[in-house]
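Presented sequentially are two complexes of subunit A, the first with subunit B as partner and the second with subunit C.
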Partner chain A sequence: MVSAMHLTLALNNREMVTQMDHDLLKITNLEVLYSVDDDLVRAVNSVSLKLQDKETLGLVGETGAGKTTLALSILGIVPNPPGKVVAGSVEYEGIDLLKLSDRQLRRYRGKEIAMIFQDPMTSLNPVLTVGDQISEVIRLHNKVSQSDASSQAKNMLELVGIQSSRYGDYPHEFSGGMKQRVIIAIALACNPKLLIADEPTTALDVTIQMQILDLMNKLKKERDSAMLLITHDLGVVAEVCDSVAIMYAGEIIEQGSLKDVFEGESHPYKLGLFNSLPDIDSDVERLESIPGIAPDPTKLPKGCKFHPRCKYCTEVCVSINPEFIERTFGHFIKCWHIQPPNRGNTV
Partner chain B sequence: MSVLLEVNELKKYFPTASGMLHAVDKISFKVESGKTLGVVGESGCGKSTLGRVVLHLLSATSGQIVFDGEDISKPSSARLHELRRNMQMVFQDPFSSLNPRQSVSEIIGEPLLIYNVCKNKEEYRERVLELMETVGLAQRYENTYPHELDGGRRQRIGIGRALALNPKFVVCDEPVSALDVSIQAQILNLMQDLQEARGLTYIFITHNLSVVKHISDDIMVMYLGEMVEKSNTKELFATQLHPYAKALLSSIPRARLDVKRDHILLRGELSSPVEPGDVCRFAQRCNYRKEICTQNAPRLEEVLPGHFAACHRVREINGL
Partner chain C sequence: MNSDGKKNTPLREVWKRFKRNKLALGGLIVLVFLIVVGVFAPYITPYDYAAQDYTSRLIYPNAQHWFGTDNFGRDIFSRVIFGTRYTLFIGLVCTTAAALVGCALGLFAAFFSKLDNVIMRLMDVLIGMPAMLLCISIVAALGSNMRNMMIALSVTAMPNFARVMRAQVLTVRDQEFIEAARSIGASNSRIMIKHIVPNSLAPVIVQFTLGVVNAILMSASLSFVGMGVQPPNPEWGLLISAGRAYLRSEWYMCILPGLAIVITTFALNLLGDGLRDALDPRLKQ
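What follows is the complex of A and B.
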């Protein structure tokens, strides 16, 4: 019955079905708290997010915005204590991951959903060869012999641009960029449908960063994976993402396609972020910085979380947290005073 | 404009088990009073070592440093003590470059005590508060400790400390790279305001090309201890002569959709700075490499007026 309905829809409106039917990941009203001493840190506040098959979503925000916590909660690896997912759901292909036991979750981790961590220097095991670390994940999720696993691991090394003869080398024998390639090989070894990459190039130099972004773009296309890319760098987002969500103080304050977010209407915080960036394609005398600092997550302000730093703040902002409003199709903004598209010389 | 700092053939080698590590190799440049020289390059290219050698935080292996008309290549320790009043540094990491057991006012005021510049306690406190105001720290932070403050405020303390003795010259080593962009813009603006108000001369060391473009008058690009290209900022961003500078600039992720993205992907990674030999150090990764590049090292030459580059094939690949 349900599938018949979908079929009709599919015939009528393919795009509609893509919207409805192919949400690979659907996060609804997620809330994550950390209890530190006697304080409650509200790291993620009622966040909803959808990711479709093959989509690359950039999750952007500054230090402490809650990006990494959001990613960790997808895989059920928020450190507990002190962290705790207190509300919401994380549906992956229709199954709520938050309701699964650790044992059931292990089938997803590394196989369906893989993660690339920020720091390539510390996320490899220093006493295992890189080859063993790649074949470990293959053997964990597939019934294959050791020799099959190692030949697959060698293929993975070649795929990320490392000679397979380096299978037996240890992490310390690789440079930062090469280590990150190894980590990408581990993440992709089981052909995950969803890749979560937490600041994958932040620790790397720009020329190496470009090599890695290029590699990730290529592999993502070849393997049809979806990706959640966490970054603070809007430049990286412009290079690889299809859509963008911007986080501030544990909330998503704007979300939409790359074009919507880069060139459409704007949350004042996003406008501030863009104006704070020195741009190599234009000249400005002084950057327009955002005054103040991000709020203390144990004492989040009432109303809109950004209001103490916002130059458009009015009374309503102080008392009532705005709704997440769909301004144009698929472009959501959470603000009482949405700003017009800005294509001034500083953006 | 008068030249405040002149560096000639500066070298800094570190001995290692496998030979000499050429951290800074034969670098020469001048910085005019009140201007900013940006030094860009990737990790390990020797840019921080260069900044430290100029300030005598590390002693040079050879070469000449002339500051304000005086040769300070080999200063006596008494002279160095005096020189430090005029040459200061802002460090990269606002988390580890401040003493956690000193309060904000103690950190900012320490240089005043070392140089004994205040007549009495009242004058000292007045100077400290004045400095705090200059760098945008509210008086209420006077007795707080660095761990109570965020990165942006901590970097303001570091800047306040550097400016305490009214120096002429400040080496800024990645002062904003540990900060979020919204805070980074606040600090960059502060540094520009201070430069205008006090006529400061900066050497601004960074790996962030957008930042260096924003703040510098001249830019020097380093690769494995050597200067590969130098010119004024406008000219360099319009035309890059050296293949490394071309690749570096094309690799900047740009936060806009209306630009063409022609990335030049380099092969491989930085080679070793230990005993690099008489070759072009970039040759291994260069898309234009020819035999000559691995036979001898190219010299820095003025290819266009005021625009220097060190590459054997620079005229050929730029159609000059």
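What follows is the complex of A and C.
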């Protein structure tokens, strides 16, 4: 009885704390469907997510887990058709973006929320100079003259480490890493409060990856932006994120602070992810992998989406989808058989 | 930047690749030459193209009359030179009109999927009819003169542009930089004009040169059968038509204007081929 009261008190307290902390982005029960021919692809299933000012949240998951779709639906640019946001809300500073008209939404895109795309090779328009592409976003959101916009664009180029004399160069004259710098310049040109980075380093060399991450992190801190970093690289997450959400088959299965997720209790899927990483201290012939493949999103299994691949699976897993349970303060896990902390996986 | 200090714009890249193709360069030179001839026709022609001289009828080509004279004693060389004006004017204007309307339709069809079926099935109806038959029907309905023939030629050429543009926009539309443009808050019209159209033009330009060839040949054919430019205007198709009766004895009356058509269309075809190679990035060396 006492403990129950204590718990409600604690919850109320937390409620107050989060209100004071001010959620920059609050996604509630978001569902996104793709209809391809007669099949319904459930890309995002009832996802809830919160992001605070200046926070960096890592969104981790396999290919096809719905990470990119989630990111696109924040900006309202899920390709439609075939995609459609069917339920839920995306509140940005208390305003539900899903209820806005396209005209109203355009004021947020690029100005308040900016996105960095996965493949720098294809995310720049090949027939426009990089300078034009940076000043385009400045001119779209600010009433400035062409010359002011281009001097601002030159500043942005310098900021991301490109000589401003390359303002008039075309994308094909840049390397992949340099292009990604240009894209970062475009994304940050209007000082967005939220930066969505969709696997920004996946298409780059390992040597360049670190540079780009450092650059993004540095600029993000200088400009007090929050960041949603989508990746499947746990090393990247450990390096830059404050908190982590793990996605599997369109659901978030575990979420918490970096420390909680890396050192605390665990969803079996996350355990599998960590066990598949090479460990510098142990000498193993083969890395462990998670058996099976991610489920076909047109035929998601009943109950827990992970149960066909889970070694802890029991009857309850097959029939009932587990709740998202708060295990410790701010650390949520969606599983019937939560695994104890694995001491081997310290950050 | 290049070693010569010039910027490497996409246009310059295309020109660099185009220059390497000597045949296409030849085609371009011939075309420029024809345009110059057409523009300065009154200063080049040795005789008035309409002046009749019954003392010198049906003279074979010689030093005074390079292409000979016709049955009214008119200098055929002067008439062929003035014909350049008609031919190029008809070819360029009809194809430009067709390209503008056709590309706009193709762009809308590809960009707004709701319009796709309406627009493209309409284009299919136009393509379904043989081009010549369609032209003749339109001219027959509107009346035989040069303006109506040009309308007919434009309508006939339009669906090809709509198809080419639609196909191209469909591939460009789904590229990541369009998504990126959307993510910075660009509106639909801005995305279409600034991001999609410039990236879709390459095949349209090639289609344009081939369209001009087609329009020139069709206009000559229509004028030949009396459904286009009316005599006494010196259109090439008309010149051939007028010489038809004398083909056995005064062959030059047909052959020389015919040669002008052949040279023009050949030059345009070479130009079109060269442009296609130069604009196709897969053929980059």
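Quick notes
Keep in mind that, in the parts below, the second predicted complex is superposed on the first by the 319 of 347 C-alpha atoms of A that agree within 3 Å, B and C clash if a C-alpha of one lies under 4 Å from a C-alpha of the other, contacts with A are read in each partner's own complex, and residues count from 1 in each chain.
One rule holds in what follows: a contact is a pair of C-beta atoms (placed from the backbone, for glycine too) under 8 Å apart; a residue touches a chain by one contact, two chains touch by 3 or more.
Every value quoted in this text rests on a predicted model; they were computed, and no experiment measured them.
If you count the residues of subunit A touched by subunit B and by subunit C, you find the higher number for B.
Residue contacts after overlaying the shared chain place A:P81 against subunit C, while subunit B stays out of touching range.
Residue contacts after overlaying the shared chain place A:D233 against subunit B, while subunit C stays out of touching range. Contacts of A:L273 after superposition: subunit B is touched, whereas subunit C is not reached.
In the overlay built on the shared chain, the residue A:L140 is in contact with subunit C alone; subunit B does not reach it. By the touch criterion stated above, A:K259 is placed in contact with subunit B alone, subunit C being left untouched.
Those residues of subunit C that touch subunit A in the complex are listed here as 7-10, 113, 174-177, 179-187, 194-195, 198-199.
Touching subunit B in their complex are the following residues of subunit A: 62-63, 175, 177-178, 205-211, 213-214, 232-239, 258-259, 262-263, 272-281, 284, 286-291, 293-294, 347. Against subunit C, the residues of subunit A that register as touching in their complex are 72, 75, 77, 79, 81, 103, 106-111, 114-115, 117-119, 122-128, 136-137, 140-141, 168-170, 173, 183, 186. The part of subunit B that touches subunit A in the complex is made up of residues 42-43, 150-153, 180-186, 188-189, 192, 207-211, 213-215, 237, 247-257, 259, 261, 263, 265-266, 269-270.
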